[in-house]
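Two complexes follow with subunit A in common, the first pairing it with subunit B and the second with subunit C.
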Partner chain A sequence: MIGYISRRILFALVLVFAVSSASMVLARLAPGDYVTATLGAGARREQIDAERARLGLNRSFGAQYRDWLAGAVRFDFGRSMQYDRPVTDLIPESALNTGILAITALVVATLIGLPLGVVTGTRPNGVVPSAIRGVSLVLLSMPPLLTSLLLVFLAARSGWLPVGGMTSSGGGGLADVLRHMVVPVAALALPLAAMFERLQSQAMSETIGQPYVIATYGRGVPLSRVIWRDALKNALRPVASVYGLVVGTLLSGSFAVETVTAWPGIGQLMLGALRARDVYLVAGCAAAGSIFLALGTLLSDVALAWVDPRSTG
Partner chain B sequence: MGQLLTRQLRSIRFVVAALSLALAGCRAAPSSNKGSNARELLVSVRTEPRNFTRLGAREEATDLVALLLHAGLVRINRTTDEVEPWLAESWSVSADERQFTIKLRPNLQFSDGHALTADDVVFSFEASYAVNDTMKVGGKPLAVKAVDEATVIVTFPQPFAPGMRLLDNLVILPRHKLESALKNGTLAKAWGVSTPPSDLVGAGPFVLASYQPGQRLVFDRNPRYWRRDARGEVLPYLDRLTLDVIPDENTQLLRMQSGETDATGSALPAESYASLKQGATAGKIRLYDLGAGLYPDMLWFNLKPGAFAGDPRASWIQRDELRQAISLAVDRKTFLDTVFLGAGVPMFGPVSPANKRWHWAGTPETPHDPERARQLLASIGITPSNPARFTIVTMKGRPSFERAVTVIRDELKKIGVTVDTAALEGNALIQEILVVRKYDAAYFNFSLSDTDPAMSPDFWTSAGSEHIWNPEQKTPAAPWEARIDELYRQQVGAVQDHERKRLFNEIQKIFVEHQPIVYFAAPRVFVASSMRVGNAAPSVVPPRLLWSPDTLTIAAPTEK
Partner chain C sequence: MKYFGLTLLAVIVAAAVAAPVVAPYEPDRSFRGLLNAPPALVHPLTLTHQLEQRYEQDLTKRVPLEWFAHGRLVSSSDERAPLLLLGSDGYGRDVFSRLLYGARLSLLVAVASAAGALLLGGLVGGIAGYAGGLLDDLLMRGSDFVIVLPAMYIALALRSAMPLVLPPAQVFALLTGIFAVVGAPFLARGIRAIVRSEKRLDYATAASSLGASHTRLLLRHLLPAARGFIGVEITMLIPAFIVAEATLSYVGLGFPDPVASWGTMLQEARTIRAFTDFPWLLSPAAAMFLLVLGLNLVVQHTGVAPVYNDTDASSRRSRTDPDAVRS
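Right, the complex of A and B next:
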C-alpha cells in the first residue's frame, strides 16, 4: 500500500510540474502581454519597451522560463504583475475559497446523489424513482455554466439569495458566507449529484441481485441492513473510482461558476490573470489547480484501495 | 423492501422540507448591504485598478480609483464640459496666454493631515513627466514654479488653446510620500496595488479603507476633504463607497436589478436595455438615456506604407476609394438596427454629434449607394473578374463588434467584396494592431481623453501613437496627412474659439474626404442606478455616473 501511495505521489508531482509549465508556456506564447493589456492600443513604442524592460518581459522566453522554473522548485512562482505581489501570497486565499466551494459541492453532491442512487437502484419502478432519474438526466446534460446562469437568474428574480460574491459589503460572518455559497455550490453540486445518482443506481441494481445479497437477506438480516451495509459497500466502487475525475470536473466547472457568481476563487483569479496576461499568476493558478487535481486523484485512489484492495496491484 | 423504501422517501422528504425552510429563512433575511446605517454606495466594476496614482496606467478602473482618491487643480464638469476650479481657487493668465498664475485654496490638506501646498503641485508635474507624456505640449514639458505656499506659475512652452483644461489630467500627489520613489526612479511602481491602504495619501473625497484583490475595494470618506456644498455642508455625502469586482457583465446587471448593487462602473450594452427598461417601469431602478455616445466604434485599414509589399492587393487595399466605397455600401440604418438594436445615431465623420462643441455641422451625409460604391471599386481595378478580399480583425467577447463586422461583411458581399472576419481576444488584437501591424483592417473602439481635439494630438496628428491607421509616422505619409498636421498645429495655438472651430471643421472635412477611419453609427449610452442613488448627473463621458462622487447621495438603508 505504501509503495502504491508513493507511486501516486510521484505521479502527482509530475502532474503539477507539467500543468504549471504548460500554462506558463502557453500564456507566454499567446499574442500580447501584460504591457499591451495595461497600456492599451494608444501607447507609444518606447513606453511599451520601457515597461517591458521594467517587468523583465523583454528577456528571451527561455531565460524567463529558466528563472521561473528555478523559483518554482522552491515554491516561488514569481511576482504577479497585475497585483504587484508574490504569486504565492495570492494563491492561498483564492485556493481556500475554491476549496471551500469544491468540497462543499462534493459533500452536498455525495449526500444527495448516493442516497438517491440507492433509491433508484433498488426500486426500478415507481413514480418517485422515475422522477429522480428524469431530473438526473436533465441535470447531467446541463454544463455548470448553464446551471449557474440559471440559478443566478432565479436568485435575482426571487430575491431569495445573493446573486454573486462571497460576502456582502460590510457583512461577513459565517451566515453571510453560507448564503452567498448556495448558488455556486448548487451550480456545481447538482450536475455532480445527478452523476453520482446514475452511477450509484447502476451499481446498486447490479449488486442487489448478487447471490450473497439474496443469501444474507434469506438468513433473516433486515433489508435495510442488507442494502445500506452489505450491498452499498460493494456498490460504492464505481463512485469511488470516479472521485478523482470528479475533482477535475469540479475545478473546470468552478472556473465557469466562479466567473458567473463572482466567487473569489482560483478560477476567477486565473481568468483575470489570463485576461491581463499575468503569466506568472496564470502558472501559479494552474499549479494550484493541478495540486487540487492531484490530491483529489490521490484521495480517490486511496478510497478505491480501501473499497477494493485489488486495485492497488 | 417496500416499507424500507417508504422510510427512505420519508427521509428525503424531510431533507427537502428542511432545505425549503432554510431557503425561506434566507428570504426573510436581508439580502445584501441593508442593515448598516452607513451611507454606502455599492458599485460593481468589471476590472481592477492597475495602480493607485494613475501615473503608470490609464484605463477605466484606474481612472475611477484615482478620481476617488485624488484631486486636481481643475476639474472638467462632465455635464457642461467646462473647466471648474478645484484645488485651484482661481487663476490669471498672461497677455500671451502662455503663463498661468494659479492660487490654491487656503488650508488644503492631504488625507493624512499634511498640508497641500504649491510644492506638491510642482512635485506632481515632476512625477508626471518622469512617467508619461500626458502633461506635455508639443512634446515639451510645462515650466512650473512655486511662488509661495499657495501660488504656482505654470508656463506653457507654446500657445495652447485649451490652457487650464490640460491640468484636468494631473492629480496632485504628496511630495512627502512619493519624493523618494521619484528620486530612486521607482515612481511607476510606487503605489502599486499591493500598497497597504494606510500608506496611500490623497486629496480626493475618499480614502482607501481596504482592498481584497479580485473581490472589492472599500473607500471611506476623507474627513479632510476640502469641498463643501452650497449650504456649507462638508462633502462627500457618502460615508463609504464600495467597488465590487464582478467580471461578468450579466451578473453585474442582475446584481443591480436585484438590489445588491447601486450602479455599474461602465455603460450598459444595448442588449440589456429591454430588461432594464422593465426594471425602470417597475420602479426598481433608474434608467438614464444619455443620448449618442462620444466615441463610436470604427473601421480602419492598415495604411502603414509598405504593409502590403509583395501582396497582389497592394494596388487597392490602401486606396481612399476602397474606404469610400465601403462607406457607401453599408446601409447605416441596417447597421444601427442590427448592431445597436436601433439605439444610436448614424455617423458620417470622426466627431460624434454628441460632442456639440466640436462636431462639424456641415459633415456630408454619405448615402447608401451600392451602385456608386461599385463604380468606385471599378476605378481601382476591383471588378467581378478581379474581386477584392480582405480580413477584418475585431475583439472577441464584444457582441456589438461581432455583429458589426457581420453586417459589414454582408453589405460588402452585395458589391462583390469578400470579407473574412477574425475575432481575437482583446490583448491579441492590440498586439496585432500595435506591435505586429500586419492586419488588413480592424474594427474596434478608442476613447479619447477629452472632448477638446487639442487634447488628443496622438490621435489627430501623423506622429501620434493613437493615429491608429498609421501611428508614429516620422514624416506624414500623405499630403492630406501633412495638411491635417498643419491645421492641427494652428488650431491648438489659436486663441479665438471661432478660429479654432473653423480650423477643426477643415480637419474634419479632410478626414471625411479621405476616410482613414470609416464610421457607421454611435450607440446611445445608457446608465442605470438603484432608486437609492440621489443627486446623480450622469454624463456620456466615463465614469458616467461617478464623475462627481462627492455629491452623490444615497437613501438611508431600509430593512426589508
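Right, the complex of A and C next:
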C-alpha cells in the first residue's frame, strides 16, 4: 500500500515537472515575447532592448530555463511581467477560485446524479425514470461550453441571476459570491450529474439482478432498504473509479465555463498570460493545472485502493 | 430513437456537404446596414434605432423568394432585403449561411482529427499489443501519461507556441495535430488490449503458420477485430473535438475571423448583448448540441453508454482490458 502510494506520488511529481517545463519551453519558442507584445510595433530598438534586459529576456533560452528550474525547486516560479508580481502570488488566488468552482460542481453533481441513477437503475419503466433518462441524455449532449452559454443566456434574459465575474462591482458579501456562483457551478455540474446518473444507473441495474440482492429481498427485507443499503454499496464501486478521471474533465470543463462566465480562475489567468506572452505565468498556470490533476488522481487512487484493495496490484 | 439520431446526423452532414447549394449567401457576404439583424423571411427589415440596432419588419411589403436560381436552393429576389433565416451577425453576414459553411469546417476538423488519432492510436496500440515486452511497456506508459495530462491546457500551451494569428490552413493542421495526439491514447489502449488477446487465438496462430508476415497478421487479421471498439471510440471523440475547436476559437486561439466555423461564430456571441438582444448568434451552440445528441443517441442504442468526453472511454477501457485494472 505504501509502495503503491509513493509510486503514485512520484508519478504526480514527474507529471507536474513535465507539464510546467513543456509549457515554459513552448511559450518561449513562440515568436515574439512579452516586450514585443506590449510595446507594439512602434517601439524603438533601444527601448525594446532595455525592456528585455530589465525582464531578463535577453539571455539565451538555456540560461533562462536553467534559472527558472533552479527557482522552481524552491517554489519560486519567476515574476509575472504582466502584473509585475511573483507568479506564486498570483496563482493561489486563481487556483482557489477554480478549486471552489470545480469542487462545488463535483459535490452538486454527485448529490444530484447518484440518487437519480439509483432511481432509474432500479426501475426500468415508469414516467419519472424515463423523464430522468431523457433529461440525462440531453444534458450529456451538452458539454460545459454549451451549458454555460445556455445558462448565461437564460440568466441574462430573465435577469434573475448575475452573469459574469465572481462579485458585483464594488464587492459584496458571501451571499453575493454565492449568487454569482450559481450559473458557473450549474454549467459545470449538470453534464457531470448526467454522466454520474447514467453510470450509477447502469451499475445499479447490473447489481440488482445478482443473487444476493434477490436473496435479501426474498427474506423479507423491505425493497427500499435492499436497494439503498445492500445493492447501492456494491454498485458504487464502478462510479467511484471514475472520480479520478473526472478531475481532468472538470479542469477542461472549467476552462470553458470560466471563459464564458468570466469566472476569475486559473484558465482565465493562463489565457491572459498566453495572449501577453508572459512565459513564467504560463508555466506557472500549467504547473498549477497539473498539480490539481495529479492531486485529484492521487486522492481518488488512494480512495479506490482503500475501498477495493485489488486495484493496487 | 436510434433512427432519430441517425436522421439528425444525416441532415447535419448533408447540409454541410451541400452548403454551397443550400446556403442562400456566401459565408463572407456582408449586408451593410443590416448588422445584427433579426431573422427575416419574406418581409423586408427597416432599421428603427441606429445605436441599439433595432429593426422592424415591414409587414405591408413582401419580397418574393427566388427558388433554384443562380445555383442556389432559395434566395431572396431583392438584394436589399436578403433572406436571413437566422438573422445576421455583427458584420451583417447571414448566420444561417455561415452555420452551414461552418459545419463543413468544424466537422472536417473533427473527422480529420479522429482519423489522425486512429492512425496514431492504431499504430501505437497495434505495435504495443503485438510486440509486448519492453516496447509495450514504454508505449503504454507514454499513452498513460498523455491521458492524464490536462488536455485543454496542453492544447492551449501547444497553440501558444505559434503566432496568435495564423492562416486558416495552418490553424487547421495545428488543431488537427493537437487533437489527434490528445485523442490517440484512448484508442491505443483499447486496441492494444484487443490485439493482445486476439493474438493468442487459434485463427491468429493459423494465419501465422500459413506464412503471414507480422505486418499482414497485424493489419489484416488482428486490427479488424478491434472494429467495434474503434467505431464507438471515434463516435465519442468527434463531439469532443468539435467542442474543443469551438472552445479554442471562442477564446480567439482557433481560426481567424472571416473564416466560418462554429467556434468563430460563437466568438461573435462573446458580448453580453448577444445573449440579451441577439440570441440568434448562439445558433452554432444549438447546432453543436444537435450533432452531439445525434451521436449519443446512435452510440447509446448500439449498446454502449454514451458520454461526450474521455471519462467513459476510460471506464469502459478498464472493463475490456484486464491489464488496465491492475496497472
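One rule holds in what follows: the second predicted complex is superposed on the first by the 312 of 313 C-alpha atoms of A that agree within 3 Å, B and C clash if a C-alpha of one lies under 4 Å from a C-alpha of the other, contacts with A are read in each partner's own complex, and residues count from 1 in each chain.
The definition used in the following text is that a contact is a pair of C-beta atoms (placed from the backbone, for glycine too) under 8 Å apart; a residue touches a chain by one contact, two chains touch by 3 or more.
None of these values were measured; they are calculated from a predicted model.
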Original post:
Do subunit B and subunit C fit side by side on subunit A after the overlay, or clash?
Top reply: clash
**OP:** Please indicate which partner A:V257 is in contact with in the superposed arrangement: first for subunit B, second for subunit C, both, or neither.
**Re:** neither
Original post:
Touch check for A:L149: first (subunit B), second (subunit C), both, or neither?
Top reply: both
Original post:
Can A:L137 be said to touch subunit B (first), subunit C (second), both, or neither?
Top reply: second
**OP:** Applying the touch criterion given at the start, work out whether A:T249 contacts subunit B, subunit C, both or neither, answering first, second, both or neither.
**Re:** second
Original post:
A:S224 contacts which: subunit B (first), subunit C (second), both, neither?
Top reply: first
**OP:** Check whether A:M195 is in contact with subunit B, with subunit C, with both or with neither, and answer first, second, both or neither.
**Re:** second
**OP:** With the two complexes superposed on chain A, say which partner A:P162 touches: subunit B (first), subunit C (second), both, or neither.
**Re:** first
Original post:
Counting only touches as set out at the top, which of subunit B and subunit C does A:R44 meet: first, second, both, neither?
Top reply: first
Original post:
Looking at the overlay, does A:L269 come into contact with subunit B only (first), subunit C only (second), both, or neither?
Top reply: first
Original post:
Do subunit B and subunit C touch any of the same residues on subunit A, and if so, which?
Top reply: 30-32, 149, 152-153, 156-157, 163-164, 259-260, 271, 275
Original post:
Which of the residues in subunit C come into contact with subunit A in the complex?
Top reply: 145, 148-154, 156-164, 239-240, 243, 246-247, 250-253, 266, 269, 272, 275-276, 279, 282, 285, 288-289, 292-293, 295-297, 300, 305-312, 314-315, 318, 325-327
Subject >> Parts of subunit A lying in touch with subunit C, wherever the complex brings them together >> reply: 15, 18-19, 22-23, 26-27, 29-32, 137-138, 140-143, 145-146, 149-150, 152-153, 156-157, 163-164, 191, 195, 198-199, 202, 238, 241-242, 245-246, 248-249, 251-252, 255-256, 259-260, 267, 270-271, 274-275, 282, 285-286, 289-290, 292-294, 297, 310-311, 313
**OP:** Give every residue of subunit B touching subunit A within the complex, in rising order.
**Re:** 1, 4-5, 7-9, 11-12, 23, 26-27, 29, 31-33, 36, 38, 40, 42, 47-48, 50-51, 56-59, 132-133, 188-189, 192-194, 212-216, 218, 240, 242, 244-248, 250-251, 254-255, 257-260, 424-436, 444, 446, 458-459, 465-466, 468, 472
Original post:
Given the complex with subunit B, which residues does subunit A contribute to the contact?
Top reply: 30-33, 36-45, 47-48, 51, 54, 82-85, 90, 94, 115-116, 118-119, 122-123, 128, 149, 152-153, 155-166, 168-171, 175, 179, 182, 223-224, 227, 259-262, 264, 268-269, 271-272, 275, 277
